[in-house]
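After this come two complexes, each holding chain A, first together with chain B and then together with chain C.
== the complex of A and B ==
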């Protein structure tokens, strides 16, 4: 099992080296998987029709997605291939696959159509869905689907198929079709430092630049529908909060008060933005109504109050404050403005947010080994430290609440890491060209 | 001395000369207009423009010119920086249209937005000191960069000390 994983990692690594150099900034690399990973075989999809080369290896992407989730172990590609059907059909050799100790098999086919589109078919078999050898193989199929897409949609279709397989076999919604926003910082010798706000697929492909500046960019925040991004830009030597429309690139300045304009966070109904404004003094929390531009101040006093994050229901905000002498997480009830302290363990707790089901709070927690990502179980108050590097920051939940993306240091530059909410799975997304920081995981695509 | 160095020195000298001229004129004018106020500082030697080397490194200490450095988790201005702040106060007093940007910075540890708050506190501390010296807040702009513009890239205690700073940069003179 361990060897198979390693082999696949190497294959994946060399594949990435050869193919992705041109357009992927981040490459996923699994650093720690679970022991109870589900064994699955992805049979390379057969090609039908003309002899044209299919531009995207759909079955390979599905395999990478599932391995990178940490919850699957892939059967060796050669082994899978040795029993590949020359013609994709609804039948597989059940006993052959059972002897390979896999529980699930995916087969599929791609066909180039006359109009230049591709027809993609696939079947997911669960070998142990019904026990007994006399059952028809067809009954073991749990998903059978067919799609017609343009060639530039093949990659996102592969992620969509991964989502379907992942959900069918784990019960959780897959996040392979989601994206991450992040800030890329390039310090090329002899050049002014460049800050780029980018969005890429979760596996690092298709990085797209939303804005580029010679002054810092901070705190990207996705609107709940995934169509807009709020962030802080220091262009003209002043921090300002902006909102960019992702489809058009159109942007507007939202606040430009003296001092800090920072930490924007969308309300779950998309109508309001929580933010930190200092107006010349210390930062306090405010809520901006985006339609009326009405600004409501939530906190007062001389402490730092920042990093507001809405709870999933929108009734309160988590935030960071040093009102007690050290930075800790607090919660403000928006109905009655009552503030209560949330963290008591340790002298440095910041950057908190809740999982979509509100059961887990993730935050930055300082221990004697530095700054690490930790979770607090909101039901039993159990604290778990998930990372050990000591240079971590900016945790952000995946929309399914199962994974957390964060920023860390690897060598002398910033990279992104992904850890499962239970700490059992870890991935690293090394950057090829510059430092990557402040990841924000997108909502589900709507 | 290479030509480049020569050119630089010449530029800086001529600039200082211009500044010195204009500031003494300004100082006289101020004194004349407000005869009720007695100024004891800045009359003997006209205040020199303190921001000439802003952003440049002092090769001896690795510190930047016209910059105040801070201890860990502190926004208290140490005594050794008071003369530097006083020089800027004198200049600002003599040049009422001059604007000074105070850029607050932190070391690279911890949350980015929380560090923005800490950097703002340091910038505000220098602004408060200038205000006590009689400078109007309208001549000062505090911008916190938190840990977004580190002075050095290392992770030693010495590197962190150079990161925790307020740079004083003139937007107009």
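== the complex of A and C ==
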């Protein structure tokens, strides 16, 4: 009797085991992925309508933008081009692209309208968005838009499309429509040296001159709304801080103290300017209230205190000081004026600023290999040297915190370089007729 | 049955014989006695006397006397005969009874014999049954022993099967572990981990595989709240198709449906 019961229990047990074996779902956990760029195919946009030359290769600009961000890898143009099945508006051949091992495809078309404007249409596909094959475009599209723009807006439209794609696929706001301010130094033979304060697209196109001088221009700083710029000009043989309105070119002098008037930095609320003023002695940090012109001194003493940068919340300033014997980064709490040292690695750390999320601090760090761009993870104090040229200076965060622009030397003149915040990708912006210095990345366009 | 029949037959026979006896006694009632009594009771009428007549009468009387005498003699003779007959009859009866007795004795003897026979048979049957029972008991014992033996054997087999199953399960587990690692690695290699995530988020995918490892379906069961992570994970599974799966169909059954928790924690180095 007992045995019988046991037997049935056993049978039941094995039966149940088999049942569970047949219907169980295997639980797995995935925690490690690859640290690589997202593969994407940008199919050259087809041209609709009259056989006129489109002045700007929109799809090429989009591809460049995405690649330059360091977060995308572009499928070979030849490959992208070779697929006949890319007529805009027709169905997409999912399997063709899936075999190319890309996750996303961008197709588009440009049409010259009768009024001289251009109609630009594009679609961003997620090849795995819906199941099945060769489905209607709508089912695989993440973005599907069309724009009508003037000829001269085609390039900025391309950047805008890049921003949309970037944000859709990375979750971060794209910075392709932002700008970079820099100082261009021209030393043409037989001519006096020229200093130009310029603003251009981040790929170096569309440069606009804000100010031109035969004396040095330094330390451009964007206002938080991106409409004004503060900078130091030596136009009267000695440094003074000016603010220029970008749209109108209107400018005003802000400080003109004896000695150094340098390193202006806008507060996040746009109301104040942090500065380094020497007033005939060693430079110290001050805050200037832009409305009242009231000046507040933050640091005292005989050490050099300069290069103030606001932390994103505006509660404190990072600055460079040699008060410890070597130039290092310090932080001053604006509420209680307490100063604490931030960098300890190496004998030279200057020009610090924080990423918008305050998680990374970028600065100039000198090692045996010269002056390079480095980051410090503010959470774990991990120091990472991002560049190796040894001639770097003036690092500045992109408003999304994903990239850093800096000045470097290429050949016999200065150029701008961009490095991703993780150091994975570096690129050099096209060199200008002259040396480029002191870049400053703009805020997002508002 | 046979016994009962014999008993029945003997009973009927008894009753029958008894009947015959009774009927016989009835018939042997002495009739002549009744007849004599009737003659003797006849009255005598004599009134006139005359010599001749007397003589005649005497003669007549003598005749009568004679006849009476003769009749008496005859009657005696008859009675004697009758007595003789009766004696004979009695004798016959006795003989008959004796024969009946004999018969009864014989019958009783037979009965006795039969009874003895029955008892003997009964005893024989009893012995037979007993021996049969003994045999059966012996058989039962043997059967029991055999059952126990086979039960032990069965137990042994079961134990061995259990060991085998355990070994199999162990082998399976190593196989499962192996393919689990292969699958996770294959997906991981295709998973471009988003690097701008807020910490501690994860999504859960339900993956359906064909026996060849082809990804038939990927369903987002639990979103991480971050569409980028969700998509990167889903795409990774699709791109990793076909996934490495065991060829053994039973083992593959374990991999038919996979619930994959995707929780970014770093990069494959």
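Following the convention adopted for this analysis, the second predicted complex is superposed on the first by the 395 of 446 C-alpha atoms of A that agree within 3 Å, B and C clash if a C-alpha of one lies under 4 Å from a C-alpha of the other, contacts with A are read in each partner's own complex, and residues count from 1 in each chain.
One rule holds in what follows: a contact is a pair of C-beta atoms (placed from the backbone, for glycine too) under 8 Å apart; a residue touches a chain by one contact, two chains touch by 3 or more.
The shown structure was predicted, so the numbers you read here are calculated from the model rather than taken from an experiment.
Asks: Quick check for you: in the superposed arrangement, does A:158 touch first (chain B), second (chain C), both or neither?
Replies: neither
Asks: I'd like to know which partner A:280 touches here: chain B for first, chain C for second, both or neither.
Replies: first
Asks: After lining up the shared chain so the two structures overlap, which partner does A:318 touch, if you call chain B first and chain C second: first, second, both or neither?
Replies: In the superposition, A:318 contacts neither chain B nor chain C.
Asks: Could you look at A:348 and tell me whether it touches chain B, chain C, both or neither (first, second, both, neither)?
Replies: first
Asks: Quick check for you: in the superposed arrangement, does A:394 touch first (chain B), second (chain C), both or neither?
Replies: Only chain B is touched by A:394; chain C is not.
Asks: Which partner does A:38 reach: the first (chain B), the second (chain C), both, or neither?
Replies: A:38 sits against chain C, while chain B stays out of touch.
Asks: For A:169 in the superposed arrangement: first (chain B), second (chain C), both or neither?
Replies: second
Asks: Under the touch definition given earlier, write down the residues of chain B that touch chain A in their complex.
Replies: So the residues of chain B in touch with chain A come to 101, 109-114, 116-118, 120-121, 124, 137, 141-145, 148-149, 153, 171.
Asks: Residue numbers of chain A touching chain C in their complex, please.
Replies: Touching chain C from chain A are residues 3, 21-22, 24-38, 98, 101, 103, 126-128, 131, 169-172, 402, 422.
Asks: Show which residues of chain A lie in contact with chain B when the two form their complex.
Replies: Contacts found on chain A: 216, 218-219, 234, 237-239, 258-260, 262-263, 276, 278, 280-283, 304, 306-307, 320, 322, 327, 348, 350-351, 364, 366, 370-371, 393-394, 412, 437-438.
Asks: Taking the touch rule as given, give the residues of chain C at its contact with chain A in the complex, in rising order.
Replies: For chain C paired with chain A, touching residues are 151, 176, 180, 183-184, 187-196, 206, 217-218, 226-228, 231-236, 238-239, 250, 253-255, 257-268.
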